[in-house]
Amino acid sequence: MSRPSEQSPTGGFRARLHTVIFEADTPAGKAFDVALLWVIVFSVAAVMLESVAAVRVQYATALSVAEWAFTVIFALEYALRLVAVRRPLDYMRSFFGVVDLMAILPSFLSVFFPGAQTLLVIRVLRLLRVFRVLKLGHLLGQAEVLMTALRASRAKITVFLGVVLSIAVIMGALMYMVEGERHGFDSIPRSMYWAIVTMTTVGFGDITPKTVLGQFIASVLMIMGYGILAVPTGIVSVELANASRMLPDTQACPGCGKQGHDLDARYCKACGTALDWAASKPESK
Amino acid sequence: MSRPSEQSPTGGFRARLHTVIFEADTPAGKAFDVALLWVIVFSVAAVMLESVAAVRVQYATALSVAEWAFTVIFALEYALRLVAVRRPLDYMRSFFGVVDLMAILPSFLSVFFPGAQTLLVIRVLRLLRVFRVLKLGHLLGQAEVLMTALRASRAKITVFLGVVLSIAVIMGALMYMVEGERHGFDSIPRSMYWAIVTMTTVGFGDITPKTVLGQFIASVLMIMGYGILAVPTGIVSVELANASRMLPDTQACPGCGKQGHDLDARYCKACGTALDWAASKPESK
Amino acid sequence: MSRPSEQSPTGGFRARLHTVIFEADTPAGKAFDVALLWVIVFSVAAVMLESVAAVRVQYATALSVAEWAFTVIFALEYALRLVAVRRPLDYMRSFFGVVDLMAILPSFLSVFFPGAQTLLVIRVLRLLRVFRVLKLGHLLGQAEVLMTALRASRAKITVFLGVVLSIAVIMGALMYMVEGERHGFDSIPRSMYWAIVTMTTVGFGDITPKTVLGQFIASVLMIMGYGILAVPTGIVSVELANASRMLPDTQACPGCGKQGHDLDARYCKACGTALDWAASKPESK
Amino acid sequence: MSRPSEQSPTGGFRARLHTVIFEADTPAGKAFDVALLWVIVFSVAAVMLESVAAVRVQYATALSVAEWAFTVIFALEYALRLVAVRRPLDYMRSFFGVVDLMAILPSFLSVFFPGAQTLLVIRVLRLLRVFRVLKLGHLLGQAEVLMTALRASRAKITVFLGVVLSIAVIMGALMYMVEGERHGFDSIPRSMYWAIVTMTTVGFGDITPKTVLGQFIASVLMIMGYGILAVPTGIVSVELANASRMLPDTQACPGCGKQGHDLDARYCKACGTALDWAASKPESK
């Protein structure tokens, strides 16, 4: 109950519901989240199993029952969430609100469009919420370092993708002219698909150059892709190094203002002054 | 109008044209560039669509009209650019001058050589100009960091390519002898193509070793390629780290203005003046 | 004989046995370990050879004899190890105790279940012990740097694997719907296998998208995988850089002996004492 | 003539020959090396062309003549080298001496064993000498940085290869049992080949798992390989960073002994003293 001043009879119930459903500080809240985690895992597993022909034929009824059961559980949970939050519309428009709704809808869609229940795998995104709620602190700290690194590289990655796409267009057109339809390069879009398959070093081999010139161009593209592959790796490495260096960087020396001390540093490495959090220990100077 | 002193009646018109076509500081210049960007995107899309057999059959006339319309637009633009610049020959010889011309020529070529219009995808390179003109500052800053990193690694990358090619020649000849023509290694050039496909970890699988000895050599080559792949990545990472360390340099020397000091530098490395944040500490000299 | 005070007639024998079998400081101990290393290599080679049909048919008896000979040798060695250690149960429960037992059992299993002897390749793990015993110091120091780097990245790698698996589930379901059974994507689990093959840039090509939409989604996945591949590489690079920065530390603090100072540190970060090479400059405080 | 004191009539001729053949400081020496470079390139090209069936049939005589001409040239050169050096045996035993001999022998071997001339591609290694002799200074400086980086990583790379091979053995045996001969995994060595193809992300697709369990194990192996791929990249990155940081490190501050200054530093970044090579400029303090 984070806002006791706004409490009301309903608000008290709503606040308690909120504590259970949205938070994980109380035993009830934790139990709810762990239970939800398992329900999500099982519901995704059920969707996967249904896609296997042999399983679908033999356990059709059981899977159908399970699917509707999971849908009902998630629908109920969605309703409870709407009740628990103070501003339901804000929740509905939020990322997790949309995901929660999309975790229910495909079941109803599948009544009209058979096969739509495959969309239920979107439920796997719900696991993200549980991670957040369960306060898996150090894991999320790491995820944030990663996100910071990626966000810092956004501009560079955009430039990089632009270059990759331009090369794909030009190389695709080149191979379309050189190899032609009889070797599988039957349109520029398909040749671009091949160029991306090659540059990313995936190399399915469903379309391959057969002529000497085509194989020469492919070799050039591969070695180029080789070098290009180095760029995003380098970018992310550098950003990760910066991000991880920034993390413990709040410790400025009170004597000389120097930053960038190691996590285990107790004295400034430039002037020898005891660092802030060590200052409370008078015997250390 | 950057050079008002050289103005003349024609020069005034030319200067205004220059502002609109080559720059993007004025509303008219910006509108021109955005329009151009879309025309380029659509013209490349048209070339791509024409290469798809199903589309080509059904929309032959529409695509042909579109292609010529785009060609006329680009030809007009090319003429205007020639008028707008002071030294048209310099422009024609510049990188973008050549690209602009090559964005028009294939259409005329296709009258004599059917299929030549595929070369029109070269128009995708024109997007680079628009990026430049639209002053997508931070994106270009990033591109420059990348280019600096790559340029600094040029010598290392040359050595690296030399090593890769030498390994490809020797491994190609080896596999040509070991596997021979009956397993697809039917010439040294083709075996070299296979060696490059393998070393870059693309691995199409169109040619694969079948003998035990061939598979053993391939395994060695793959693990070697594995390690070799690490080299350009490492080079680019290190150069990117150096480049980005140079970049965010807020510490200009109060004595000589030199930038690019290390984070822990206390004196300017060019003139020996104590750096700003160290200057307040008189005892530190 | 590291514990002479606990010596007894049997203990003396056991201690000597322990020195020979578990350690490599004495000539006998070293000879034992080198001999064991070769026996392990030959026994693994024998298992491999037996799996080759042509060899199995021709040398069936010889291989069977060799296999049982190796099993007897390892069984004897296992018995001796049980005798040599003071607490046999602790040894049996340790990692190497389990591996040693699993290096013997499959031979006996193969009497009842033909083919079980393939499990004998687990013997290759025994080589790890020999490395340890032979005190290949610098190699193990390196292995420890690697392990430290990987352990430090554990949390980040967990987050990373979670993201990869979530993408595999969603992309797998998408491709299952788009491409369907007639193009090889015949269940979500199989589509997930394809998504992992694609994201890791392995690209077998046993299952490939055939529709335009499928190839477009695959292209997106490949470029995404391209960027994702950069993340673990970056993580390990950064951790390795941190680990190796910790390692070659010749600068022990004269005050508290603490190591691991930065190259530019002038004062111990743990106790504030001026570091050795800075101590000769009295004016620097 | 670097050793004028040891000159004799023959020695004078030999010294001049040495200057021309082994060095590249004089115009004659440079011309010789450039000519040699082109002869090597053409001779390797001839060997390659001969391997192409269509070319071999049509130009059999021309290629045979060219091959023998190149062999005679290289044999002559080899003889001259033997004459030019003071200790011919040392030269013959050196790396380049062996390569020079192996660049001649296959032609003679091919008289008795048709096809042996393919070995002539070993001539490509001779290019390394020319690079060295032509004093392509900055390129070789880079190569040395690379070699230093790789040599420093030797121990780590050995441990790494050991781990990769152990995983290949165990995964190979596992897949041999799970997939069996009917899916292409017909022996442990072949399964190991598959495991290496998979772990290195080459993924030819000539052998692929067909069972659900096999595809699951393959997925685990691929994601593992994904992470393993990060290790050598990280190692080389870190070593390259160290190597490039070490390079300009001979500049110790005369005032405080601090090392690790940038290449363009003129004053110590720790104490402001003018650095050694700048000391000759008195006005700079």
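A, B, C and D label the chains in the order they appear, each numbered from 1.
Definition applied: a contact is a pair of C-beta atoms (placed from the backbone, for glycine too) under 8 Å apart; a residue touches a chain by one contact, two chains touch by 3 or more.
Please read these numbers as outputs of a predicted model, since none were measured by experiment.
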I need the common contact partners of subunit A and subunit B, sorted by label. C, D
Do the two copies subunit C and subunit D share over half of their interface residue numbers, or under half; same or different? different
Identity of the chain that, by mean CA position, is farthest from subunit A: D
With respect to inter-chain C-beta contacts, which pair, B-C or A-C, contains the greater number? A-C
Whole-Å distance, subunit B centre to subunit C centre, using C-alpha means? 41
Quick check: how many Å separate the C-alpha centres of subunit A and subunit C? 29
In subunit D, the residues touching two or more other chains are 189, 192, 201-205, 229, 233, 235, 237-238, 241, 270-271
Using the touch definition from the top, list the residues of subunit D that touch subunit C in their complex. 155-156, 158-160, 162, 166, 169-170, 172-173, 176-177, 181, 186-189, 192, 198, 201-205, 208, 212, 215-216, 218-219, 222-223, 225-227, 229-231, 233-235, 237-238, 241-242, 256-258, 260, 270-271
Spell out the part of subunit A that touches subunit C in their complex, as residue ranges. 44, 47-48, 51-53, 115, 118-119, 121-122, 124-125, 127-128, 131, 138-139, 141-143, 145-146, 149-150, 157, 161, 164, 189-190, 192-193, 196-197, 200-206, 229, 232-233, 235-241, 244, 261-262, 264-274, 284-285
Would you pull the subunit A residues touching subunit D in the complex into a rising list? 201-205, 233, 237
